[in-house]
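Chain nomenclature is as follows: A, B, C, D and E, assigned in order of appearance, with residue numbering initiated at 1 for each chain independently.
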Amino acid sequence: MVIHDTVFVIWLLAAGPLWAAIGLFLLPSVNQGRAESEQISITTLQIAGVIGGFALGPVGVGLFYFEPALIRRTTLTAGVAITVFVSSQVLARIVDPNLPSGLWLLLAGPLWAAVAAFILPRQYRAVEANDQNVLTAAALGGFAIGPIIIGLMWKHTPKISRDWMIVLGSLGAWQIYTLFAIHNTTNPCVASPYHITYLTQQTANGVVIGAIYSLMAVGLTLIYSVQGIVSFAHGQLYMVGGYFSFYFLLHGSNILSDITGAEISINPIWGIPVAAIIVFVMGAVFERIFLKPMHEGLIERVSEYAILITFGFGFFIEYTTLAIAGPFPQRTDRFIEIRRFTLQRAQITDDFAFGPINIIGDRAFAMVVGIILIFALLYFLQRTWTGRALRATSQDRQAAAVTGINPTNMNTLSFGMGSMLAAMSGAALIPIFAWVPWVGAEMVGRSYVIVVLGGLGSVPGALLGGVIVGIVEALGAGCHPDPSRGAAYKEAFALVIFALVLLLKPTGLFGREQT
Amino acid sequence: MSDINLLLNRVSKRFGGNQAVDHVSFSVTKPELIGMIGPNGAGKTTLTNLMSGMLKPTTGTIYLNGRRIDGHPAYDVTRAGLGRTFQITRALGRMTVLENMMVPGLAHRPRARRLDLEERAHEILGLLTIDHLTNEYSRALSGGQRKLLELGRLLMLEPSVIILDEPFAGVHPRLQETIYQYIHRVHEDGKAIILISHDMDAVFELSHRLLVLHHGALIADGAPQAVRSDPAVIEAYLGHDEDD
Amino acid sequence: MLKIEDIYVGYYEDLHILRGLSLTAQTGKLTAILGANGVGKSTLLKAIYGFLTPHSGRILLNGSDVTGTATHQLISLGISYIPQQPGIFKHMSVRENLMMGAWTFQNDKKRMESKIEENYERFPILREKQHEQAGNLSGGQQRMVEIGRTLMTDPEVILVDEPTAGLAKMLSEEVYRMLVNLRDEEGLTILLVDQEIREALKIADYVYVLELGRNKFEGPASDFEDLEKAFWS
Amino acid sequence: QADGHCEFANYTITIGGLAPLSAPGAVAGGVAMDWAFNQAADDINADCGVQIDGVNYQIDVVTGDSEGSPERGQAVTERLIQEDEVDAMVGVYHSAVGLATMGMLEANAIPTVFSEPWNDNVSANGIREFDGAPPRFEDGIDHIFRISPASSMVGSVIVDWLLSLGVDDVVLIVENTDYGQPAAADEAARFEAGGATVSKIDVELGTEDFVPILSRIQARAEAPDVIRILVTGETSFNLTQQMAELGIAPSDDTICVTNQFAFQSDQYWATVPDGNFCAFNRVGIIPSLFSDAAVELNAKYEEAWGDIIPSFAMASYDAVHIVADAMERAGSYSDAAAIVAAIEATDIDLSQGRYYFEYGAHNPELPEGTPAFMWHQWPDPIVTVMQYYEPGQSGLDAAVIYPEVYQTHGTAYIAPGTSP
Amino acid sequence: MAILNRIESAIDESIGRRRLGYALLGLIILFFLWFPNDASQSNYAKTVFISGFFYAIMSSSWALLAGIAGQFSFGHMAFMGIGAYVAGLVARDGIVFASLGIGITAESFSAIGTIIIGTLIAGLVGLVIGWLLLRLRSAYLALFTIAFSELFRIMMLTEYDYTGGSNGLSLRPLLQIADIDAARQVEYYLMFALLIVCLLAMYWVANSPIGLFLRAMREDEDAASALGVNVVRYKILVFVFTSMIVGLAGAIFYSDVGSERIIPEQLEVLQMSLIIAYAVIGGMESLIGAAAGAFISRYLLEAMREVVISLPLGLTLPDGSDAFVWETGAWRFAVFGVVMVFTLRYMRNGLLYPIITWFSGRDLAMQETVAKRDDDDDLDEQAGASDE
């Protein structure tokens, strides 16, 4: 097995034993309070620290640190995912391909999902049990195990926890995957000797791009959490962030070259803060003029007003940019000179091979930037006074004002920061994608999916949502049974998830229940 | 008038960890005037919401005139004959007072002639002394006038059971007088009224029967005088001094 | 001393809830404001606290005009407000809630710690629950958090709106005892709006009764012995 | 304006241009075409305009914005015909617009030279919307000419080239548009006829991240021999770049063929950095054969836009000239029949080469086996395959590798890491 | 100012504002009826008007859905697309139930038949979507409908074997008139009639009890429900109704009336945003306002492609021309965005609102009540006075 040295070193730095050790000590010591309220023991925290640090490095440690509630769910999900994967592999090898799909439709599948979703909530109400989440669980369960779920939930009417959902959801995924493995034997996700590395590769693709998606979505969620509105100008702010970075680098290096006489190019990393500052100001000014009246009670139907006015703002930005920058694609230099990190292909047995796995260098860099920024934001929100004030304002404006916080400023700050995050992800991506004035459209659609999936208003939710959407898109395009259509429907996969989440659980993964 | 038969059977509502209404059972079978009291947050409004279909009970059943109505949407309950007002008034702001009256009017009797309904609306507004505001946008009304408008809208519905949630809060004494008259009049029409109020005087003066809620549970149900001296009620709500 | 002079306040341009109301809260005294639902008691406190801007009239704190001062600045002038609708930060821990009370002196860690400690002494239950999400606390405990948070800044004047609404008898007695303590031991000026007339009268020094946006009666608490007459008629 | 050396008649000949100038159309393409129309008019006017019966007429091109939408295209065409009273039409970028406007152009008898739509049906006589439907133009297409290639013509060159290299495992990455799909269908058929296996992958225009689907290609047991990109604009740049970054193509195993946008070397190198030597097809005359006219035109374009002139700008420029020339020969700017006859008889050297139309009213019988689109079709749009071999190279210096007659470096393919 | 007031009161006294308004409306309609007969107008002007009418239908029906019923849908274009695509598919393939082996061939449908089927299917999908949307409000509803319409667009684009992909799909021509001038004339009147019919239908709905219920629902869904309004039914109903209107308009417009083919790009979010912007600028709570907003905006966007400012008094520029030409093509949408934002901020009811209210006389009533309030700013007196 050949492993690029760079990969190994990077893994050591980015994850591996070092971070496992950090996780082991960091996690239990700092987050006792939160953990206590979530009823997580110190040992669990230590184990989570080690595993999270080893596998995901700072991402794992950070996530668990800020959101201890994730620990159990993550372990559960990982456990179930592995079981699901292995068992469907086994099943696929022993089951006759002609048999199951009809059988499955009889025993499980969408039909039973509908039946269960229809019957079970009624039963819960009839026996006076708490019917929260029952609809979702019933639909998932019906899909996964058909009538069995009805029997189970009918008789015991258990309280539906998130764990239930995870198990049932994974079971549903298992169904699909197994059917897939049985029927679609040429699909690289289930068939080739490399399919495990293929899946790893696609998951890695998803995680890398997903972390960048998150950065943008986090901005959206931040605005929502403080102001209760969804910004429809987010895509355009993302786009314009890229352009600010581009022009800064262009003119900046020209000026520098003129002064010094030597050919100087500025690393695009510097475009990120520049774009951030400019767009922060843009967002803040816009908020002051157009959104402030909303909070002063001068405007009826606030959320509709907000949709429309941010929408008009975006419209303006996009066409102004088009008029100024023109329709020709642009891109900046790379962040780093490494094209890609590669794990070479290695044949182990006839049936099993490893690799190749590729991660594009610039993307990995942008991902790291994105993750650092998100955690910086989380740190800002959780641990600094201004951050606390932002959170406080989002929870109760009046109470915040009573403690001496100026909620008007907090609104401006939140919109500015949200816009800034969009711009930063734009500036982080312009070295990676060809940039045109309409580049925000695709991205913003995805951000909506992410924030709704993660729960509007939740920053960790947006982080996780981004990664999930990234993975879903990657696996969707990578595993779609018709290879010719997989990529064309890439965006559609996320949209389907989106529609389902909105219908079944509008509060998303971490959303606060609406009151 | 129509037979009245409202029956609540072990009705509960939880909000997350908060048991807002806790296994409440009672029934109303005749055109009585019932007062409902209890400290802030006792669950009075929540119970109203449960009865009127705005919320779905976590457990329990509610029957109205022989039909099961718990979990039914509010418009269904309203059609079954239960009308309510809101503690925090909910006038339909960018519609005129007349339009506000016509909404329940037309919803209740879609086949009626519009002119007849308008005539009736005028009549009711006159009764409530706000007929001079007929063509005013209701968002321009004062708090008390909004209360009156809500009461007026109820009359367009001709319900058999009426729940008034704090009709006196924020209302000027003169208007209170109007509401008193309204209550008497509606009662005389043979409707049951559940009156929720913090205004003890009004409650004791008006009601024939008293329900007391505390922490979501019904801790007393009986004649006002009996309830007044109930130690549990004194402890929870009226305070010791009451009988000192 | 907090003095209100002839103020007119409303939620809409053309409709005044308070119409020419005046009152004075003497330093170190507990002044109670009573009145039926909706006469504008909370509106008065909101006006003092800058959520509403008076159309006319003045609000004087120790002789200087604070009319129209932004809410978030009042706290540094020494006025605090405990609103009728409980206002805690539900998704923050109890400790963080208390910390937010120290917003105006956020850099003085020592003072903050000692103030938090004071609050834990005052409400021992809060120490036990300091890491709990405040939203998971019972209503009464939430009220404690709120009061505690308000006291973090050592205010001179506190405006309290129905502090015991929804509290169990025992707790509400506790709250009243605490208000008395604050007045007697810490010399705070308290403006209390309350519906629990009896309790309020027991602890108040001076009482105003309002009627639809105006003064109806006023006088020392002792004048209000005859409750029925003063209030329920 | 009187430039001094020419006397102009009062009447100005108006030619309508149709190009997408706002979203959702391909604005970048439209802008270049608009420039070319006006440049052509300026150049003609500088040369004393159109001479008919010894009188000089100034020429003016009015560009209508099709927005890439057939509905808008139709409306704008109507405006050009009705309000601007154009004497002829040129342009059109999107095939859907071309298809939608044909009826109106025919009905109003406007001599038209399309310079960029590729759909086979655009100039095909007797086209049907779908099998069994009556032909859209029962009387045939009389007024519409095309100097851009039909997709089938482009496909054949690429396919012939690749087949000549012995390719037998082809991946087509195709945009979901009126350009991509027909072109892919055509190329696929040709590849299969040549014995190669083809897998086709659709992508939506505007997609940025292709890594998942590229990983899918990479996961195949055998790397494909060639990846052919039938995607336009910035989307193709993203795709090309990501392919290179993942090391899929161009590589020792896999040839990469991207589309003609790569010829725009400034844009190409800006968005596909670090030396990606994909081959690309080029429609229109190759740089080494640039006539003086082409060199001059390219210089003007570079001055205006800082990049090499794209073929559709060249074609749009030539289209105006073809019309002007036909008017001169017809001796009329308004007699549509005469102008059409004159266009059919075109024989003129312009920036892209010698223009003529083989089949038309003068030669109406298309021999058996000749596709219907050859009607009023310039048969000779030069389609070549080119390849860069140095990073940052200008499109003008890129090697022409196919067809053999045009080869500049004596090789049909420059393997990665080598230089010709 | 004084003169204006005098004129105003003269009008109030003589014919009354409302009647004047109707008279004006009549004149406008007459103008539109006469317009195609103006020989100096080209067919293109008619084409611009035809598409203006189409967008007026789109915007005004969106105003009914969002402005009056409060359902903020971004899926309006998709429903239009459903109408057009279904009509086109039926015209091409007929209706086939492969599994049952039965079917109706395409030939047995006339153009009108395909349009009716398209309209019905649009309504049917509206029914399903309306039902799904029952639980969602404001931002969530907007996001869901965006997702729906994007999914629809991507499907139309990707399943090119069935839908023609980005080449689009042509529908069966509704009018087969060979003579172009005559055809344009007929198309013009057809589209105008459709606009009038749709507006009348919507106006009728908005002023019927249903309209009252829809507005009640917009103001406060729970309160409306408590007053006996079947919010479920009316919410679905408004979706079905507006979907059918736009489905019909789409099917007709693309049956070679306004355009010869429907393409997926027409369903992009951008196009939807334009519809919304038109309605906002015209006034989203008024059907006429939104329709006029759409018509005028489209006209101006068209006119704004190039702004020519002639210099006065025969002045010439250095280059010899006598006018500034500002190529606004690229800027016009940016300007449009600015107009939209400022309209929302400073004239929330749309730029046409003041005119509409003036004619409706509503501002008179409002002035009156404000005056009344000022007179007796004392609640007691108000209550007391009306006691008698």
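Here, a residue touches a chain if its C-beta (ideal position, glycine included) is under 8 Å from a C-beta of that chain, and two chains touch if they have at least 3 such contacts.
Not measured: the values here are computed from a predicted model.
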State which chains count as neighbours of chain A and simultaneously of chain B. C, E
For chain A and chain E, the contact-path distance works out to 1
Greatest separation from chain B - chain, by CA centre: D
Of B-C and A-D, the pair with more C-beta contacts is A-D
Whole-angstrom distance, CA centroid of chain B to CA centroid of chain E, is 42
Cα centre of chain B to Cα centre of chain D, whole Å, reads 75
By residue number and range, which residues of chain A touch two or more other chains? 322, 441, 485, 488, 491
Spell out, as numbers or ranges, the residues of chain C touching 2 or more other chains. 15, 136, 212
For chain E, which residues are shared contacts with two or more other chains? 154, 157-158, 270, 330, 333, 373, 379-380
Sites on chain B touched by chain C in the complex: 17, 39-42, 140, 142-143, 166, 168-173, 198-201, 235-236, 239, 241
Spell out the part of chain A that touches chain D in their complex, as residue ranges. 188, 192-194, 198, 201-202, 205-206, 209, 322, 326-331, 333-334, 339-340, 342, 356, 358, 360-363, 433-436, 438-439, 441-443, 473-478, 483-488, 490-491
Applying the document's contact rule, which stretches of chain D touch chain A when the two form their complex? 23, 27-28, 31, 176, 199-204, 206-213, 215-216, 218-221, 233-235, 237-238, 241-242, 244-247, 267, 270-271, 273-274
Chain E - residues contacting chain B, complex: 209, 212-213, 215-216, 219-220, 222-232, 365-366, 369, 373, 379-380, 383-384, 386-387
Can you list the chain C residues touching chain B in their complex? 12, 15, 36-39, 136, 139, 162, 165-166, 169, 195-196, 198-199, 211-212, 232
